[in-house]
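As written, the chains take the letters A, B, C, D, E and F, and residue 1 is the first residue of each chain.
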Amino acid sequence: MKKTKDIRILIINPNSSKEMTNDIQRAAETYADGEFTVRTVSTPGAPEFIDYYIDAALAAPGMMQIIRDNYHEYDAFIVACHCDPNLDLLKEFCDKPVIGIGEASMKMASMLGHKFSVISTGSHSIANKEMLIHKYGLDSSAASVRAPEIDAASYNSADLFMSAAQAAIEKDAAEVLVLGCAGMAGIDKQIQEKFHVPVLDGIICALMMAVGMVKAGYTTSKYRQYSGPEK
Amino acid sequence: MKKTKDIRILIINPNSSKEMTNDIQRAAETYADGEFTVRTVSTPGAPEFIDYYIDAALAAPGMMQIIRDNYHEYDAFIVACHCDPNLDLLKEFCDKPVIGIGEASMKMASMLGHKFSVISTGSHSIANKEMLIHKYGLDSSAASVRAPEIDAASYNSADLFMSAAQAAIEKDAAEVLVLGCAGMAGIDKQIQEKFHVPVLDGIICALMMAVGMVKAGYTTSKYRQYSGPEK
Amino acid sequence: MKKTKDIRILIINPNSSKEMTNDIQRAAETYADGEFTVRTVSTPGAPEFIDYYIDAALAAPGMMQIIRDNYHEYDAFIVACHCDPNLDLLKEFCDKPVIGIGEASMKMASMLGHKFSVISTGSHSIANKEMLIHKYGLDSSAASVRAPEIDAASYNSADLFMSAAQAAIEKDAAEVLVLGCAGMAGIDKQIQEKFHVPVLDGIICALMMAVGMVKAGYTTSKYRQYSGPEK
Amino acid sequence: MKKTKDIRILIINPNSSKEMTNDIQRAAETYADGEFTVRTVSTPGAPEFIDYYIDAALAAPGMMQIIRDNYHEYDAFIVACHCDPNLDLLKEFCDKPVIGIGEASMKMASMLGHKFSVISTGSHSIANKEMLIHKYGLDSSAASVRAPEIDAASYNSADLFMSAAQAAIEKDAAEVLVLGCAGMAGIDKQIQEKFHVPVLDGIICALMMAVGMVKAGYTTSKYRQYSGPEK
Amino acid sequence: MKKTKDIRILIINPNSSKEMTNDIQRAAETYADGEFTVRTVSTPGAPEFIDYYIDAALAAPGMMQIIRDNYHEYDAFIVACHCDPNLDLLKEFCDKPVIGIGEASMKMASMLGHKFSVISTGSHSIANKEMLIHKYGLDSSAASVRAPEIDAASYNSADLFMSAAQAAIEKDAAEVLVLGCAGMAGIDKQIQEKFHVPVLDGIICALMMAVGMVKAGYTTSKYRQYSGPEK
Amino acid sequence: MKKTKDIRILIINPNSSKEMTNDIQRAAETYADGEFTVRTVSTPGAPEFIDYYIDAALAAPGMMQIIRDNYHEYDAFIVACHCDPNLDLLKEFCDKPVIGIGEASMKMASMLGHKFSVISTGSHSIANKEMLIHKYGLDSSAASVRAPEIDAASYNSADLFMSAAQAAIEKDAAEVLVLGCAGMAGIDKQIQEKFHVPVLDGIICALMMAVGMVKAGYTTSKYRQYSGPEK
């Protein structure tokens, strides 16, 4: 079995923002704490922010290329955008574990409380998050998807996220919160301190599962749909 | 942040079978591989096997006692019976992470394929597993719960499990299998080799999440229901 | 067939509050109206109020003991706490009918209107009620679970329940209300008079089904899971 | 409160078959056992058997007429066809309790086991029963709807029902059976003796609820949809 | 294959209001634009407005008579009331296509956005619309059913519908609106201009499907339940 | 309003197979019957057959390019692969109607019978179809997804499809069948003749909706998620 210290995880930031890549890498390193190797890369050819279906489509070739280029060097791959862009594609594309931060964080949230809410960057993405929740069968575990009233794609407006969090907890009866964007790193601590509910960061949830899967030798089933075309 | 080598996980085998406790401990140690501390204890006062609601009820006081006695020494607790007996109770009882092997393995299975099946020890427990699947919102991810045609509570009849696995894969279109009993350790490798689908052992799934949660500082929400009565 | 006048129902108040036991007994006697025998007992060793998972666990041994001690004298047993504590356990434990007031009242409510709401004692228990609703498959019949804004576990604050009822009816479109606590007896009449919707008391719903099942000779299936361990 | 001996229940057989009306009345009297008054009437103008949507539509005027003619003499009304024809209509039409044997029996079945199956008269009606199950939110409690392989509308072919019952129990894991036709009275005892699972007769389930509702003063909510047009 | 110009669609207005029949016919002709034949008829013997279950029942004989009288002259039939009264009955009654404007418009709405809301005439009908949504499996596509705060059965109070529409869009996150009444024709354009979301008129949705089904030779399956009784 | 004769529909065959493009065009022309213009194009850069997630991803750029190149000349676009590849992307990308043959055919099937089955090309794609059914909320309307026992991607093996159809009808109680591949054109007639149930071809279902939407001026909501990024 692989030793943790030999495990190497590659985090794919599906967008091309170096700033967000750095933020993710910092959060990942803090969690890794030197015990395993983690590296975050931006996706070449992808837009600055993954917000719409077209952003995901434009990122797909770059994301596959990243896996192709790093396949031998890394043991597992994380898709670091909370809408899990191209996740089914990459699970099929790769026979090593591929984990989406949306799926990992929402499934973990459902283990830590009766109901969770997702704090999203903007109101336009609520429908998209709700579709993910339905896809993952989490309808009965989800309290709500909340977004700041005005658009916060710039992701530094902590106050707005704070009131969205408060509404989720007090009006929607959420017991756990999930950060709905890889670029929200850091806000989790602030919300947690103020409201005393667990606030999950998808990067961290995905990292713990990735390390665990590699140690256990678990990976995506290649039986049926995820097998991909014969080579 | 806690270093992995300092993390201590206690696995509660909710029954009183020393043999099963030893099997679980062996599987857990193989996974831990010396990187963190794991110990498995039998539940005093519990029956030999947790099969029915009364078995779970009889195990409850002993399970709480185990947490009380080991609270300070351990960082997280695992309930090592696939029907997750008293899991809500212990999540409420304890402010450190408590993970059920049923919940952990079935939620992880839903990340590794479109549909999973649970291989259960006996046909009488199918309804119970189906209720768990419904409780966790996994209805649309579950292909089936399969049990050997004749009762296999003695859990050593590999052939019977093998045909149940085959039926799940070929007739129910399962892409991932989940071992439905903590005492099935070892069978996973055999099934995986024969059918080439991932076969998840709940002990291992729970261990990876426990270690991850401890590192991340995540635990059950104490807001609302899981807060427990005021002390 | 048993004559109604010979039917004897035992109501198990899962907590140890004599006051609540008396309230329940009064409500039950009013309904029984001398036509059958009904007796309510407190649960020895149980806490004063069943609010949390641990309360249910602590009540379990006493509840089983009550059935053991009264098995031959009574024809059916009612669990008189709206969160149905240990209901599956007792259905398995006993081959005579065991009815939970939560299950009985919510299933009956779904027969008297398109949508029902549960009026609960406190906001911390909303998640628990919602899990029960999901367990019983009543998601599409439930309008909401409402609780007074401030905690009302003392269950005498009629005004608070009144505004929760009003919100359920006017904002959530509930057509039927269900009292979410065995200790709310008496409030049903007040709400019904003010808002002209049926308000169901679980004790009464459970009693009518218990009497009917005894007359009909219906009881819990002992095929598969509810069979309990071999004796 | 009304005394049970003064309660009068009218069973509406939605078809015009005198033979089936007599069968239903016999089953009802056996259950009533002289403790309350029950009378069964055939529906004038209705077809011989209610099998299709048009049969239900043709029965509607006669069913309303029966309620109009007997409103003052009876305390509650039962619709004695397992597909619950015109049940919403009659709940709206009448401010006394109206109970469908399909709804009553299937909701009661879900209280006596983890999963129930309906034994239906013919394969053409399976879709209709499944729609009822979905309407009542019982999808997760229903194991299956089974019908004899060849059409058994003549409802005397006990052997065929016996094998349908066996398949439901052994292949679909049903723990409780529900007779899917008011005209199957009598077969319940045979199946129960052979397979040792509860077999529910909708007439009896509806009668116990009707008597209970009358005693309790519960009836259909007249708030919103079931209010019917202003008079 | 039938040429569009030879296709003849009959719209059944299930009520007896000539005014509403004329409104529907006008909307239908605008859409038909002379390319196929469409005629709208009122239902003899039906009430002025279909609001309650009894209205639907009273309309049933007239609706069947309309199909009987016009069967040979028309190629498809539309039920022009948004609660789809007697739709299953007519699908069974007729072997040519029968389309309900509720089903057609809500299923089409689910193709044009992630979530749709229905704007209903009055708050009493919300439960009924929600049951239709559940029947059609559209729970996860429906944002809400909204009705004007005060009753608007007179269907000319555009302002009230406007605020209901606004609430659906802004509070419930609806991306598409569906007019909940055949008599709302014309309001769709006003809402669409103000809020820039698609507003579907059921008459138009049903017409496009009716024409298409006739051209394609598609009609209701006569296998099993919709076969109706043997003739 | 646009006249039907002026309507121009472009069918995007997401793969690059000229043979399948020709088959689709033939089926489309037969339905169009000269009344409107329809043209089918292969997708440049796409694989020969769309079977896996990567096939869809590889087809995405070509599909967008087709819309870009033909935006002004056509009124609506159809995605002619039954797994609806890139459908959300194209609904967002284009402000004219975009219709998937999977979504159109399965939603229409749910209008023509209580339950439908999809006949798929191969067993590996069953999971994918089931996910689509879940995404569209059609779980309760779907009887099954059936595929020929041996792989039939070559799509000419009529006999294999015939037995899959028979199993769906007889064992799964399907009342309507849906062809699960754009390349199955022609088989619908054979199955329909043999089994007398409607067999829907997605191309035809999508065409009728496309023509209707163009006439009605209906298109994808550009409010929230489908708005796409600002230009």
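The rule is short, and it goes like this: contacts are C-beta pairs under 8 Å (C-beta built on N, C-alpha and C of every residue); 3 or more make two chains touch, one makes a residue touch a chain.
Every value quoted in this text rests on a predicted model; they were computed, and no experiment measured them.
Note on connectivity: the fewest chain-to-chain touch steps from chain C to chain F number 2.
Homomeric contact chain B/chain C is classed as same-residue, with over half of its interface positions used by both copies.
Between C-D and D-E, more C-beta contact pairs join the chains of C-D. Centroids of chain B and chain F (each the mean of its C-alpha atoms) stand 42 Å apart.
Residue numbers of chain C whose C-beta contacts span two or more other chains: 113-114, 123, 126-128, 131, 134, 139-140, 173, 175, 224-225. Applying the touch criterion to all chain pairs gives A-B, A-C, A-E, A-F, B-C, B-D, B-F, C-D, C-E, D-E, D-F, E-F. Across the complex, chain F meets chain D through its residues 113-115, 140, 173, 175. The touching residues of chain E, when paired with chain D in their complex, are 47, 51-57, 60-61, 64, 86, 88-89, 91-93, 123-128, 131, 134-135, 224-225, 227-229. Across the interface of their complex, chain F is touched by residues 1, 3-4, 30-31, 33, 35, 99, 103-104, 107-108, 110-114, 136-141, 169, 173, 175-176, 195-198, 200, 204-205, 207-209, 211-213, 215-216, 218-226 of chain E.
Against chain F, in their complex, chain D makes its touches with residues 123, 126-128, 130-131, 134, 139.
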